[in-house]
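What follows is a pair of complexes built around chain A, which joins chain B in one and chain C in the other.
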Partner chain A sequence: MTFNSKWVQLAVLLALIAILPVFFPSGYYFRVGALIFVNALSVVGLVILIGYAGQISLGHAGFAGIGAYACALGPEALGLHPALAMLLGALVSAIMAALIGKPILRLKGYYLAVATLGFGILVSMVLTNERSLTRGPDGMEVAELGLRDFLKGVGLKLSSGEFWYLVCGLVLIVGVWIALNLFNSSTGRAMRALHGSEVAARTVGIDVAQVKLQAFVISAVYASVAGSLLSLQNRFITPDVAGFMHSIEMVTMAVLGGVNSVLGATLGAAILTLLPQVLTVFAEYEQLIMGLVMILVMIFLPRGLLPSIAAKLRGRGE
Partner chain B sequence: MKTAITTALTTGMTTLVALGAISLSAPASAEIRLGASVSATGPAAFLGDPEAKTIEMLVEQINEAGGINGEKIKLFLYDDGGDPNKARTFATRLVEDDEVTAIIGGSTTGTTMSIISVAEDESIPFISLAGAIQIIDPVRANVFKTPHTDRMACAKIFTDMAARGLTRIGMISGTDGFGASMQAQCHDIAAEHGIEVLADETYGPQDADMTPQLTKIAKTEGVQAILNPGFGQGPAIVTRNKAQLGIDLPLYQSHGVASDGFIKLAGAEAAEGVRLPGTALLIADILPDGDPQKEVVTTYKTAFEAKFDQKVSTFGGYANDAFLLMANAMKTGGADAEAIRDALEATTGLVGTTGTYSFSATDHLGLDLSAFRMLEIRDGGWALAE
Partner chain C sequence: MTLLQVEGLGISFGGLRAVNDVGFSASAGEIVSVIGPNGAGKTTLFNMISGVYLPDRGRVMLDGQDVTRFEPHLLARMGMTRTFQNLQIFQDMTVLENVIVGFHLAERGHLLADLLALPGTKRRSAEVREKAMALLTRVRLDKAAEQVAGNLSYGALKRLEIVRALAMSPRVLLLDEPAAGCNAVETEEIDAFIAELAATGIGILLVEHDMKMVMRISNHIVVLDHGEKIAEGKPDEVSRNPEVISAYLGTVDAEQDEQDEEDEKEATHAVG
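Let's look at the complex of A and B:
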């Protein structure tokens, strides 16, 4: 096979995103698709942190919150273009991640989980309680990105759903491309080395603290961009985006699909985004069914759906 | 690279199968499609649950009676769990996929605001069940709402306080959406009513003890009454804590706790003498026979309690009113979104459980203060305070 694995994965993702709309019977499916891409983007960030570097975070919704509110507040308070506000949000998230990452990444296991959890809750509380800035728990409206009108001007008319499907799809592909590149880069190898054994990694000259911090910052930027895309798409944002449940949801998606695999994580995001839509008839049992799916996957496919299924298909079964 | 290809193909197949699973059956003819997205589960379930039940019950009733102008209503009801992001997705689904001509829903202000952007973009008439004033101010062409605004609740409470000579008060508010919004509105209009807020405390929606805040208010020099904007369990805890501390000041709650559940949660003894602005629905039994709302509230209360073996709440009443308004507009508007919108705006004197609605181009709430009744809790039940 002459293809590089990275290019095959990217090609499949690209083909899926491009071909699926042919089967969409209505605009609603574009909306669901765009949501899947947004969730997948933040989950790909978690793959870098959890899958590559072996660090846990239960507070990444905090970064999504920063990204989302940057797009709401930037245009209003600073007069920034929403796209610039998105970059600003990513920058703020990166700086925050670097600042808090330095002390808390010394922690391991549960302690790290609880520390990141605390960070997420803090962001959510600030967004909820700083009413003069964020309008509090009722949320605030978000400015229009303006790109759709520009496209209309040059003769490309897209519905809101189609437009966001396209934008989020493109951003996801770029995100996946970066993550796959990182995997085989020297930084990526260092991350995987410290995942295997911190002591061994240190012995071969890897700056463990520095590499952990890099993974944390990169994944924070992913979450932030995803948050921004969500708020720009919804044109309305509430502090729920930074909520604890959102953090848990992200980790669940990553673990369900396969936390070591970028495509697996994308699949996890797709399943958990689709499930509530498929299960509307059983809305009352939705949590139950999700919990059950999760437990079954953990017991029977502990490496996550995609890696386990792929292994079975190759006939090497586990 | 067989590994990568297998992996990639698996992803592709699974996604395709999953997406296929959500396709729905094709639309049938001769029916009016009504959409609803409420928070039947999750933190706002005490709002959404009675709302969902009410809408389902009313659709069933109207279809059994032959529908509207002979056309049956087909209801598409979703549970957004109080998540604005989900509410937006369901609103998109209602409009794009289920092709509804009107939407009722949005149990909370957050979910309502998410649905609004879809309703406005697609010009679908939408009646919200949430309280905040920002929903109808500024007026949006397609957005209406049935509950009183929190600003009106503040006005009603302050009027009653002033009449009793209670002009210096302490406030303790929840930091949830409802509490925070009402706190801000009350501050806004306190001076107009000659009310002075001497102490201003808050509590988190999950807090289990408010004695420090209450002690602080009670110790503030000159406080004559306490006002507690908030909903859920918080106000019940405030009420209990106030009784436990033996604070002998009149307590006012908001319309957010106007249900029998509140009395049960706070305990009849602690809740004795608590006043709050409520709707006629809570006092259906003691409403005088000549009251214009008597018939509407009794009909709804009887039907709901018979069907679900559960007490009516103000919130289910909001859904009842929204449905009455929508059904009334559909009589002239049929299944045409624009005609329904116009008919809604032209509604005058429609009696609901919350009040009598008269919409206009500049008023998409259509209620005044007269519909609010100042209620007092006496012997574990509701009584008219006026």
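Let's look at the complex of A and C:
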């Protein structure tokens, strides 16, 4: 059993999620924790797209936007239960990803980056401008999931923060489990193979276009579910969720933590979610310090935090 | 029985006719070698046959079926695969995983089953893993199975590429300079390995610069020069063919001339 084995990684994650609350000085930290898990979820999706399959997206916040607004609009406009609206959002994101992925995944490198960027901007513009439906940039309220009341009914009383910490933590564990399953499966190996050499992957029978599309659709569903969870816990959503900055943030988290590593990406999400909270003490220097940290990590640990540290430890062990 | 038939294949890059009107055929268990000076169009010919390039003219027939312009992964499903002159290894994957990817067509199942790690996928994975290890043992790479492929030596990667191609049990295998950059011992080993593969009924197309090796193991040789087929036949026929000799000597002469000029320049320089 190496550190990389699936169950060890899942156990580490589970242990962290279970133990960390012991150190929380106040209930507020459950909220921060839940936010970390939501961010980590969409970043794990990007690990599949970028780390496994070697394709870039600068528009994944678009899918988060679809997931988030599905939970806002589904109950209001269609009378759906929020949980069902979340599934609908994931389905719509998957279909959108399949439709736009087909033509744009033929592009490579920065051409693909620009095309996905365009998609993200498009979603964000629609959410901002379709005021009659989305109430525009002021955002809209999101219905209550209702599960917490149900739990209270059966005798499990949780604060809102605790509840969302638990739900997002569980969803993240499922997301990580799926991503790790994929890594060592036939499809996952096909993704990693085409990342290494597209032409060689094709000559052993891999349908490169199809496998890229699968990676794109899967990662879109991750982002969509993350967006849904975000809107459901905040009970409010604005078009910023689909904005360019959010897309960039996702990619930055993935790259910072280690884009080839599911746990690394989770770490990246944790750091970039926490850092601004910690740095509020430094007020005006916050952005500066954030930028500096990122530059330093990329210079000294170019493969991302976790893989670089793991490699260093392994090197010392031998 | 003819397994692969190539008819009048041609392609141009800009004004350059890289390959022009080349045809030949190969049967099961036969080793057909394509030889010619650097830049003759051998790799380009392979790229067209294997679907990597779309030919401008001509046809490729596999088992009597027209497969011209088929994508490489479709050709792979029909039993044709290849290796590359410039190594195409999945660098960040382990040596074993590289071979397992070669089993893609045998292993692949439903995407959902892969995402949820359903029991069927595990069983298939274990089977494929065992077969991949057996292939690695055949080329003495079993000890390196868990290493990241990028760390292997050039000669080892050449062998890895061949067994990765073998993993899909091809009926037609295209090998583009499998022994390039290998030492004499490794070359002999690859040589014997290729003969073994042909003996199992695989039709082999081989590009190789090592003439001794080509003459020894080929059943049939096709000679290219400037994109044109200038001769073909059995090894002894081809080696006696005056056009072939001049094509090869021609390049040797040209290189020699260049060398002489260089020497002269250096000499004048030294004097000046």
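The rule is short, and it goes like this: the second predicted complex is superposed on the first by the 311 of 318 C-alpha atoms of A that agree within 3 Å, B and C clash if a C-alpha of one lies under 4 Å from a C-alpha of the other, contacts with A are read in each partner's own complex, and residues count from 1 in each chain.
FYI, a residue touches a chain if its C-beta (ideal position, glycine included) is under 8 Å from a C-beta of that chain, and two chains touch if they have at least 3 such contacts.
Computed from a predicted structure; not experimentally measured.
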Based on the shared chain A superposition, would you classify chain B and chain C as clashing or fitting together?
fit
Looking only at chain A, is it chain B or chain C that touches more of its residues?
B
Examine A:Ala190 and indicate which partner it touches, taking first as chain B and second as chain C; both and neither are also allowed.
second
After superposition on the shared chain, which partner residues are touched by A:Gln214: those of chain B (first), chain C (second), both, or neither?
second
Report for A:Val278: first if it touches chain B alone, second if chain C alone, otherwise both or neither.
first
Here's one for you: vertex at chain A, rays to chain B and chain C, all C-alpha centres; what's the angle to the nearest 10 degrees?
140
Who does A:Gly136 touch here: chain B (first), chain C (second), both, or neither?
first
Of all C-alpha distances between chain B and chain C after superposition, which is the least, in Å?
12
What part of chain C is in contact with chain A in the complex they form?
50-52, 71-73, 75-77, 81-82, 84, 88-93, 97, 100-102, 104-105, 107-109, 111, 114-117, 121, 124-125, 164-165, 167-168
Name, in rising order, each residue of chain A that touches chain B in their complex.
1, 3-5, 8-9, 11-13, 15-16, 20, 23, 25-29, 31-32, 35, 128-129, 131, 136-139, 141, 160-161, 230, 234-238, 240-241, 261, 263-264, 266-267, 270-271, 274, 276-278, 280, 283-284, 286, 305-307, 309-310, 313-314
Of all residues in chain A, which touch chain C in the complex?
178, 181-182, 184-190, 192-193, 195-197, 199-208, 214, 218, 260
Show me the residue ranges of chain B that touch chain A in the complex, using the header's touch definition.
1-12, 14-16, 18-23, 40-41, 78-79, 81, 83-86, 88-89, 92-93, 95-97, 109-110, 113-114, 116-117, 121, 132, 134, 175-177, 180-181, 184
